[in-house]
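This is the structure I want to talk about, given as structure tokens.
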Amino acid sequence: MKKIFIDKIINYDGKQLQPQWIYRNYDLIGDAVVAFIGEANVPLGNMVDIADYKREAFIYSPQMLHFIIEHFNTDLELAVYRQRLFINCIKEELEQKGVTVVRFGDDLYINKRKLNVSIATSSILSTLIHVGINVETKGTPVKTSGLKELGISNLSSFAEKIMFRYTKELQEIYEARCKVRGLNN
Amino acid sequence: MKKIFIDKIINYDGKQLQPQWIYRNYDLIGDAVVAFIGEANVPLGNMVDIADYKREAFIYSPQMLHFIIEHFNTDLELAVYRQRLFINCIKEELEQKGVTVVRFGDDLYINKRKLNVSIATSSILSTLIHVGINVETKGTPVKTSGLKELGISNLSSFAEKIMFRYTKELQEIYEARCKVRGLNN
Amino acid sequence: MKKIFIDKIINYDGKQLQPQWIYRNYDLIGDAVVAFIGEANVPLGNMVDIADYKREAFIYSPQMLHFIIEHFNTDLELAVYRQRLFINCIKEELEQKGVTVVRFGDDLYINKRKLNVSIATSSILSTLIHVGINVETKGTPVKTSGLKELGISNLSSFAEKIMFRYTKELQEIYEARCKVRGLNN
Amino acid sequence: MKKIFIDKIINYDGKQLQPQWIYRNYDLIGDAVVAFIGEANVPLGNMVDIADYKREAFIYSPQMLHFIIEHFNTDLELAVYRQRLFINCIKEELEQKGVTVVRFGDDLYINKRKLNVSIATSSILSTLIHVGINVETKGTPVKTSGLKELGISNLSSFAEKIMFRYTKELQEIYEARCKVRGLNN
Amino acid sequence: MKKIFIDKIINYDGKQLQPQWIYRNYDLIGDAVVAFIGEANVPLGNMVDIADYKREAFIYSPQMLHFIIEHFNTDLELAVYRQRLFINCIKEELEQKGVTVVRFGDDLYINKRKLNVSIATSSILSTLIHVGINVETKGTPVKTSGLKELGISNLSSFAEKIMFRYTKELQEIYEARCKVRGLNN
Amino acid sequence: MKKIFIDKIINYDGKQLQPQWIYRNYDLIGDAVVAFIGEANVPLGNMVDIADYKREAFIYSPQMLHFIIEHFNTDLELAVYRQRLFINCIKEELEQKGVTVVRFGDDLYINKRKLNVSIATSSILSTLIHVGINVETKGTPVKTSGLKELGISNLSSFAEKIMFRYTKELQEIYEARCKVRGLNN
């Protein structure tokens, strides 16, 4: 599992959630997670959440800390579990900074204000996850919270810590399934 | 996903972590989670964690709230993700009661004292998870915390809430993977 | 497994056999079967059966009872078994009404006249099945039988019974695999 | 898929439902179905149906036409579909002989009397199916029908026809999934 | 596994690596390998190897012996193992003719000159492999070797032998996994 | 993928081909390959090759270079492909030393004398491969060749090179499936 923080503004419009977007642009082969900062502005036509599409709930945030995760495994159920785990890594990193966070599914809330957006989907060769955490919140379509008001200003460091937690979890999960005895009938 | 609290003391010695133990004894067919209260005393020969077996780290607790989960799917990787999710349900239920909990893998800690034991493994037909949360802690082999000292005395209610969270998460994960559009190449 | 009879004429032209067509239009999330009545007129370009496409065997029927089934599982082999099972549910519902039916693969015949069309295929996220049973048969490209001549006029009730049989079978199959003991070597 | 009728009395006691019993005894490598004639007398300890075991519903029939099927694929869900398909092959062979048969799950009934027993289960390397069709019915623990009273006396020919139907279905299912176009999103 | 040598010049431009190209054009249903002779000239837009695409390494050879292999199984990892096995079949057929060949991944080298190109990829329903072996080498973009200079002039016979080796290997692999005992814990 | 040469004589009697034998004894967690030197003497009761068991073809060699490989993936078909790949790594390492080797399935021959034994099988949690290469050949039940007569005396270095080739192949196969574009329909 490779990971990098991309030190360049990238505005997220949904086109980044494509198979091998990471490899094509940043030369990381295989399972990887990347982070970057930029606006989020996803037109309806690019949205993969059909529920949001049906109620025309477009995505906008003036500045977000984005993560794109790709696993070369096509099991979408597993990808949704990984998405939940990643969301939990964010929650636990915030908790360590003393921030109280409540999770519902793949959404985090701070004082009932939404901190992030997230989606997981599948292509022919891989599963892909996007998570965007609000930094600033002006103009967002729902009541939101952001990292800025939480006093988290070193975004690359925050991103690195979350990516470290995630890759560590994956390694531990791998080891957990290799150190148990199977059960006969 | 079926769920029941078994209103009867059952001492956990590892033999409960068997395929269809739930069905054989409590007539729930298929994916299920059950909870019960009892001592935990797992002799080395019944342990499925080879790491613990190698360092002879037996399991003992005078009183635990136990959960046995069975999924009729043999993917152990998925089962470990489910185990992490279940552990998180416990953490979040405690957080809602105002208890601060830190998670490392499948272990919860309160003030650096271990709250639970847990394991996930696989049989030919299913994957099985055991989670035991200390209620009382006298005589445990490591420094532990327990639900009693946390002021949680209605154990069946606590168990029901955790099982409700877990089955709700599973339902939401299922729906999450059914409402996204797949990605073409 | 959700199921509804859609009380509205829908002419089937192949575009209904799309991932999440059911969810987008009828708000059923997840595995589902829906039924409706309408003409069948599938242009060659929309056909998914390559064998039919190669011999230019287009599909036409003036009125059919249609079923669209979607399972959020991408195993096409399993989907073909499910298609056979569904075809069998139709056969057995007809038998209960005293109609003698012969099955070859996914086709039903009454006195050597073809009663239905059917196909199963896969998308990135799901498998999809279409079954169309002739109601009227004027203008069909091969010798056909239809529900009208068999005296079955309450089409919605007939559809509901078939969908009930199918979902009951799926439930029983699930339970069947949860109530057996696995075999050691 | 290989198939043979074993021309020798074999009393079925449940031990025949073992991985590679066919290969060990009859030298057929890989997916295979075999048929033989013999008593059925399965002691509770050999039963793999836990539901039957729990209610102590042992299996006995003075003479049965038995089938053992092994597929080197460990997906038990698929095996249960295959079991249903095989049961259907028996039903359709009987229908062709003019016998009216009603199916519930994996059981066939003639005038409300049970014609067969059946089970499907999994081992580490394969899935296994047993089907036993009563020939004579004296002493069976429930009300049963048998092939003898149905006038089917050439048991090997009857068995061959069923095995032929089954292997033909499998071939057609394979071809069905190879001749459809997949669906883009 | 079906196999044919197509006795007709076909210039390979990447469009042949499409799901069911074999079935649409040569009527072989299911897993198959076909061989033909023709130029290779794959424009960048048709290339499926993203690494080659990124460095604009187009494919050209004046005359190649081509193989297209399709397996109706969507596991790309398995497909890459099959590709390696096929490459090895070529190597071993050459060795039997006394030619010394060195393999790196899916490339064969003769005196450090590249003999072939190869790629494996996945569609919704199948995995596909292309292997092209240089016959003549004039104008190839890298230093290459070809069958002509190796004295192999009966290309159809050479192709048949390689396809025979491959299908024989697949049969033996199938039998290998059916004749071992599984291991209990 | 971890790898070690175990610098200690271990006589192979079949009991080493057990799930997590590597982890229990050498503390390598997860996918791993280990090598060691020792006699091979596998009693019939420990043999997992049923074909050999049936013809009572026991295994004996006075000194072998052994490899045990474990992958925490239960797909035996994949494991047999991996076994073939490993056998090929041995062949290619020998070829680099100028030795001419012929492969049939999972057996290598030098001048028509058998160089090795090999088997792949599955447990509930993993697949396991054993390969034994004769060093000395006195007393073997068939005509054999050995590394000693081939002049290969530094067995640990030879083992390390083969294990290096194998782990490198696995890494390349992983990358190969991550750098291709999937195919739409």
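Lettered A, B, C, D, E and F in written order, each chain numbered from 1.
In the analysis below, a contact is a pair of C-beta atoms (placed from the backbone, for glycine too) under 8 Å apart; a residue touches a chain by one contact, two chains touch by 3 or more.
What you are looking at is a predicted structure, and each value in this text was computed from that prediction instead of being measured.
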{"item": "Third chains touching both subunit F and subunit B", "value": "A, D"}
{"item": "Between D-F and E-F, the pair joined by more C-beta contacts", "value": "E-F"}
{"item": "Homomeric contact subunit A-subunit C: same or different residue positions, threshold half", "value": "different"}
{"item": "From the options C-E, D-E or A-F, the pair that copies B-F, where over half of the contact pairs coincide", "value": "C-E"}
{"item": "Distance between the centres, which are taken as Cα means, of subunit B and subunit A, whole angstrom", "value": "27"}
{"item": "Inter-chain centre distance, subunit B versus subunit C - centres from mean C-alpha coordinates, in Å", "value": "41"}
{"item": "Subunit E residues counted as touching two or more neighbouring chains", "value": "19-20, 23, 50, 74, 76, 122-125, 174, 177, 179-185"}
{"item": "Category of the chain touch graph - line, ring, star, complete, other", "value": "other"}
{"item": "Full enumeration of touching chain pairs", "value": "A-B, A-C, A-E, A-F, B-C, B-D, B-F, C-D, C-E, D-E, D-F, E-F"}
{"item": "Footprint of subunit C on subunit A - complex, ascending", "value": "50, 54, 74, 76, 122-124, 184-185"}
{"item": "Touching residues (chain side subunit E, partner subunit D) in the complex", "value": "19-20, 23, 29-31, 72, 123-126, 174-175, 177-184"}
{"item": "In the complex, subunit A residues that touch subunit B", "value": "17-19, 47-51, 53, 75-85, 88, 92, 95, 102-103, 105-106, 119-125, 128, 169, 172-174, 176-177, 179-185"}
{"item": "Residues of subunit D touching subunit F in the complex", "value": "20, 23-24, 74, 124-125, 181-184"}
